[in-house]
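First chain written, first letter: the chains are A, B, C, D and E, and each begins at residue 1.
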Amino acid sequence: MNVTLNHYLVVSVLLFCLGLFGVLARRNVLVIYMSLELMLNAANLALVAFSRFNNNLNGQVMVFFIITVAAAEVAVGLSLIVALYRKRQTAHVEDLTSLKL
Amino acid sequence: MSLLNTLILTPFLTALLILAIPGNYRFVIRCLALLGSGFTAVLGTVLFFRYAPGTPGYQFDESAIWVSSSILRLNYHVAVDGIAAGMLLVTALVGFAAVAVSWEIERQSKLFYLLLLMIIGGALGAFASLDLFFFYFFNELALVPTFIMIGVWGRGEERTYAAYKITLYLTAGALVGLTGLIALYSASGASSLDLLDLQRQVAKTPIAPAMQSFIFLCLVFGFGTLVGLWPFHSWAPQGYACAPTATAMLHAGILKKAGLFVLLRVAYPLLPDAVAQWSWILGVLCVGNLLYCGFVALRQRDLNLLIGNSSLAHMGFAFLGLASVNVIGITGTVLVMVSHALLAALSFALSGWLRHQTGTTDLGKMGGLLRRMPFIGTVLVLCFLAGCGVPGFANFAGELSVLFGAWNGLPVIVVAAAWAGLILGGVYMLRALRQILQGESREPLKGVLDAVGLWRQLPFALLAAGLLFFGIFPNVLVNRVKPAASAVVRLATTLTPAAPVKAAPTRTAAPAK
Amino acid sequence: MNYSLLLVEILVAVLGLGVLLADLWIPAEHRRKLGYAAAAGLTLIFFVGLSDVTETSYAFTAPGARTGMYVFDSLSVFFKEFFLLAGIIVMLLSVAFSDRFTTGVSEFFSLTLFALLGMLFAASANDFVLMFAALELITITFVVLNSYQRNRAASIEAGVKYLILGALASAIMVFGIALVFGSANTTNFNEIFLAQKQLAGNPVFLAGLAMVLGGLAFKVAAVPFQVWAPDVYQGSPAPATAFLAVGSKAAGFVLLLRVLFGVVPQITAQWNHLLVVIAALTILYGSLCAIPQRSLKRLMGYSSIANAGYLLIGFASVSKAGAAGVLFYLGGYLFTVLATFTVLCVILRHTDSDDISSLAGLGQRSPVLAGVLSLSMVSLAGIPPLAGFFGKFLLLKSIVMLGVRDPAYYCLLAVALLGVVISLYYYFGVIKAVYWGGGAVDLSPIPLDWPVRISLTVCVLGMFWLGVFPDHVVKLSTPAVEVLKPEAPASLHEKGR
Amino acid sequence: MFETLFSDPTVQFIAFSTVKILVVFGVVMTFVAYAVLVERKVSAFIQDRVGPNRTAPPFVMKIPVIGPFLVRCGIFQPMADGLKFILKEDFTPDYVRKVYFWLAPAIAVIPAFLTLAVIPFGSQLSAGPGAQKMVIADLNVGILYTFGIVSLGVYGIVLAGWSSNSKYPFLGGIRSSAQMISYELAMGMSVVAVFLVVGDLNLGKIVRFQAEHGWMILYQPVAFLLFLVSAFAETNRLPFDMPESESELVGGYHTEYSSMKFALFFLGEYANMIASSAMMVTLFLGGWSLPFLGEPAGSLWGGLLHLGIFVAKMLVMLVVFIWVRWMLPRFRYDQLMDLGWRRFIPLALANIVVTALVLALVDGWGKGT
Amino acid sequence: MPEFTDLLFFVFAGLTLLFGFLCVANPLSRNPVTSAMFLVLTIISMAGLFVLLHAFFLAAVQILVYAGAVMVVFLFVIMLLDLKEEARRKLNRVALTAGVLAVSGLAAILVRAVTAARPAALALKAGPLAEGDTAPLGRILFQSYLLPFEILSILLLVAMVGVILLSKKDLR
């Protein structure tokens, strides 16, 4: 059995769905954030696989960008979560209640 | 600048001038508003009498390209035919009267006159527009001022509710009507909302019957709501009851007519197949206006609600004339429109005076006022007699024409209408007169004042004079209206030859005369 | 490489960096003036930076593509003008609002400029990679801007919500881009356009496209990606909310226009029912949920959802007229929303509450503010003679006739009309509060400083200009959509007249 | 059969790699053990003491001349230390987070060894087609690999601090992660300039470049300085041993550790030192080359010579590490961060820009492979 | 030796998925630190997949940036906040089931899409171009993709400014 593009894509899709599940099911902001990273990584895997099988490097450049963006996002996000924690002593989405009807 | 443009622009320019004046210069503001609206009234009268009677077609034609692009082509196009001439005249007159009776406004008068002038300008623009987009545009200008005026200067605890109700009903109706207009734009293939372009295009290639029906129903129900077509009428009495005098005058007198105006101008000439198929709806629903609203008026203990409901009943005549689809009926409709404009405005002006003096509109709390305010009492008698359809007033001519016109196709409804209009109307109008003017003069009403002096009497006199003038010389109006009405009827009865029109349940199309 | 195409972007970037650096040498009490300087700079860029478009030009060609990833055409210029104008007004707003920030006043200006930069790039994106980069710049900048008042719990929470949901949308979009890249072997818009016939049958491509659109739907707050909007609008500082409502939304829409009509028009035509459903649901959601709101900012959040729904009508029509309607509507929306937020900024300075009841007595306190707020509500509600009306007119016009062939459009039309009527209720609720809302305690007049006056004047003039003399903007938007190539769906063709 | 199997290049590759891994591991372990001894000796020398000089198995003293000398050198001290670590009671406090408490030392020590995989210890062992390069993994992105692995080393310390569930270890763990991340940046940026000059990320090629054109320290003295100082910070050595600083944090992240687990941290620290030294030698000090020995070895002996050169240079660097430890006082934490972020990173950036400009001006655009 | 790399693929893919699962839905522990550590492992095994796809540079960057920097910061924050709440909160079973169903549905659709799209026998046809080495990647990055690169550099600046603003102490 030869490993083909589809194998990589299936792995990537499953990883993406795992991340999505984490976002939906978990209630801790930090874990949700990690699940989002997982989703971005799934996209990275798909891009690298496509890049390899389409025989060009454009996908890999895209991965480079995604990693950059993820790093920036994490930096801002974590500082925000810390600020939230300082203010509300929680990192739980269900406690984010000051903005309601 | 041409006469017509000046007429439309004067209120807006006056409003701009007022905007520039600080809010605490109340006297200056009021003078300016009176000046502007008075000038408008003069212009409206001049226009009416300079309109050459007896000729079909449009006069004072003015047009300019407004939007011209591949996706949309709209013109600013104003012109006057007989129907519009009459409406412009009464609009200008009622507008002046409305400004004149607004001396009672004390709070935020700058804003009040701004809004009032906007309504007047909008109504003038709507009646003068030949481009339907501008008709809609001008007509909707009144919406927000109405809302704010009822809310800020209105009366009663329920004024907020009434303001919302009137706004939501009118918007919903206008939007449905707008849908019809847009559909007309696209379906006609004229790629224009200019009435002349539309007529030309429709004469060449009529609109498909199914589409005609869609547009017609949109227009009837949409703009019908603006007129107070039963059963979409309930906003009107309550809204008028809560509105300040000037707003109620303009709204009941003028703005309501815009819906009828667009039906006459657009729905009838451009959609003959749909008229043939669907005009019975108006015939049926107008009974609701005539009878239902008549009976409701009968039960009212509040002067404003009574006037409001009776004005709805009068609109029943207008609808009946439309449903008749012949020259007499349509002419009658226009006469009703014009005369009712004066009548409704006068009624609300009087009721406003009474309320201001007595502090109530409850009929049961008034009485014996004729002795204390002879001038107002006299005008009130004149006004209510006109409302009953007594000969000698403008309404008589209109209602009679409508009944004659409708007799051909709709005899049953005519009987109902005549009964409702004359008997019911007579009953509640005369009863109200008795309760207000006759009988014991109650203790709290000792201090009431009559309208004294030219400035106070002028608006009432003006409107009453108008009623009498058109009652005595109806031909002045009929001469101007009839050619336009015949044109409408001619177009409305020219069916699409190829289209197989299914036999409608009640076919009301009468042959052109 | 023709760098002169990027003149505006380069100037804005330099301006942003300049503000950031100038902060080092400017004493704290003069930092507000940096905002004026930035606004002046933007005005200058607005007037001198944009050249006329003679032909569509491209820059930065990726390997394997025939055109560049940066496009300079009339559509992009239209939106660049839009964004710059929005940026100028938001900058004035920020200055007016800036005394409510405890720290980082000049950084706020600078970040606003960088968000603007992202929008400018989004207007010119001709490649999914550039689109992604531009959108991320916008998103992350807004995360910071939204949580700028970090001593307010609401602001922080707004930031966190925007962050999480924004990152989720980004992740979905990125995965979508990966699938699109994999199936098309390019991320260039023009290349995909040429290959769309083969790609239309490729499930990977379709899945990817759907995910990309999901990411864009987040930006414009369309159902089902709308949940963030009310919370974020309510919690964020007012200038940030204003820019979010206008700029970020418009950036989403320009990209939606490019992708749906410029890249995959055939697939869009097949998906027209989906667009109809989304537009209808968005309108309904926004309108219905707005009814019970008490906070003006939150109300604007729901209103922004509803407005996104109206804008989507233009997409559902799958026509150039619809696209032009979208452009015009956005133009009107710009002035309207910014007028609202300018008033809101001033009110927040004086009452410290954005509750609608706190507007009571505004009619007496400041007739100007009351008037402007009422005008913008009227415009939002879509009533003549203001900009909102003509925009709604254009959008409704684009679908009225489609109903004959496809009854779904009648349903959409009905929903849209219903939405307008409902919206009247809550917009007029604001007017009511302004003019006869009860419970006004403080009736002291509200003074207005000159940046606020400028901003208000510009917005009001803009609303009237677009409403009363729409010709100019219609003429601008018509050629702008010429670069798009929407194809009406087959079902609307088959019984051609 | 064995012959045929062994002629398969893949099997050959695996076999040689295994041998290399084993040898390197063994050598490094020995180095670690004796680095500790050297440390103690050097410190003794600097403080004018004698250092360990009497631990020995009983029979050694019996050997004439050599025996006492070896004992006095302390050559058996490391063995005794090792024995002590193994035999000591392995105490796990009750309140720690068990899993991570156990994992942390292992995580701390592994990356240090993995780093060594890409370092070219010598040129090659023999000439001809079968010549084996003296590097375990000849990666094209070698240096990035190193940095990646080094950055994983933080986890061990952070987890150790956190899992100990007590105040001082936690502070130590937090400090060290911040410190290591900060200096990783300066370190990474300092070597960018090196790559600009060489035009390749492969460590073997970098050494070959130096063999041909002279040592990198001549071209990039600033980068070397930055790298050197950052290496001290990365290995948590004095003057940057904030994570452990005994006087403030008791013992830092390994306060709660004892016995073999403590030994693993110890091992990790010294393995890191060795790896850093090897890296510096490779990047800046010419690797296995000497000014007059530029060519890759053509024979087994040449190869061994290169190996020797490399090890010698590495030892010198190790001694520098140790020497610095006993010469300089500890920094304050804010000074440390200030130095990293506000001095080194800008300096490294400037160095990159200057290097790039010089390269562009001297050679024109597009130099490199 | 293709079988060998195939074997490696299955090893790394299996590990990636396993660790990924343990990261988001660890049945034994809901401690965020555990999640973070498994995410690190996921990232590392994914780097292995990258190497199999000849994306060497990205494999290194993946470890360097994600595992070495991003996740450390994560861990840092988790530890600083010392979150214990997750453990004492009850799971919302309805939401969980709905989530599982929705996500598995999505997974089924996507897997079907990707497996249906291309013939499964598509072979590796990687030429020299697709080798993810530093130099070619750098060239394409700094020439063709210069514009997004520059935008992202501004993005990083924004992130830096933002982080400082959000987390520094109030200076009054």
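Here is the rule we go by: a residue touches a chain if its C-beta (ideal position, glycine included) is under 8 Å from a C-beta of that chain, and two chains touch if they have at least 3 such contacts.
Only a predicted model underlies this, so the values are computations on that prediction, with no experimental measurement involved.
Asker: Determine the set of chains touching chain A that also touch chain E.
Answerer: C
Asker: Would you mind checking the shortest number of contact hops between chain A and chain C?
Answerer: 1
Asker: Would you identify the chain whose C-alpha centroid lies closest to the centroid of all protein C-alpha atoms displayed?
Answerer: If we average C-alpha coordinates per chain, C lands closest to the whole-structure average.
Asker: Tell me which chain's centre, taken as the mean of its C-alpha atoms, is farthest from chain C.
Answerer: D
Asker: List the centre-to-centre spacing of chain B and chain D in whole Å, with centres computed as mean CA coordinates.
Answerer: 94
Asker: Based only on mean CA positions, could you tell me how far chain A sits from chain D in angstrom?
Answerer: Spacing between the chain centres: roughly 34 Å.
Asker: So what's the Cα centroid distance for chain D and chain E, whole Å?
Answerer: 29
Asker: In whole angstrom, how far does the Cα centroid of chain C sit from the Cα centroid of chain D?
Answerer: A distance of 54 Å separates the two centres.
Asker: Please list all residues of chain C that touch 2 or more other chains.
Answerer: 62-63, 129, 132-133, 136, 140, 143-144, 147, 150-151, 179, 204
Asker: Name the residues of chain B that each touch 2 or more other chains.
Answerer: As it turns out, chain B has no residue touching two or more other chains.
Asker: Send over the residues of chain A in touch with two or more other chains.
Answerer: In chain A, the residues touching two or more other chains are 5, 9, 16, 19, 33, 44, 49, 53-54, 56-58, 61, 65, 69, 72-73, 76, 80-81, 83.
Asker: Can you identify all of the chain pairs that touch?
Answerer: Here the touching chain pairs work out to A-C, A-E, B-C, C-E, D-E.
Asker: Within the complex, which stretch of chain A touches chain C?
Answerer: Contacts found on chain A: 5, 9, 12, 16, 19, 23, 29, 32-33, 36, 39-40, 42-44, 46-47, 49-50, 53-54, 56-59, 61-62, 65-66, 69, 72-73, 76-77, 80-81, 83-84, 87-88, 93, 96, 98-99, 101.
Asker: How about chain C: which of its residues touch chain A in the complex?
Answerer: 62-64, 129, 132-133, 136, 140, 143-144, 147, 150-151, 153-154, 156-161, 163-164, 167-168, 170-172, 174-175, 177-179, 181-182, 185-187, 204, 230-231, 234-235, 292-294, 298
Asker: Could you pull out which chain C residues touch chain E in their complex?
Answerer: 6, 13, 16, 20, 59-63, 69-70, 102-104, 107, 110-111, 114, 117-118, 121, 129-130, 132-134, 136-137, 140-141, 143-144, 147-148, 150-151, 179, 183, 202-207
Asker: Flag every residue of chain E that touches chain A in the complex, lowest number first.
Answerer: 2, 5-6, 9-10, 13, 16-17, 20-21, 23-25, 30, 32, 35-36, 39, 42-43, 46, 49-50, 53-55, 57-58, 61-62, 65-66, 69-70, 73-74, 77-78, 80-81, 83, 85-86, 89, 95-96, 99-100, 102-104, 106-107, 110-111, 114-115, 118, 120-127, 129-130, 132, 136-137, 140-141, 144-145, 148-149, 152, 155-156, 158-160, 162-163, 166-167
Asker: Looking at the complex, which residues from chain B come into contact with chain C?
Answerer: Touch list, chain B to chain C: 23, 65-72, 108, 110-111, 133, 136-138, 140-141, 143-144, 147-148, 151-152, 160, 163-164, 167-168, 171-172, 175-176, 178-179, 182-183, 185-187, 210-211.
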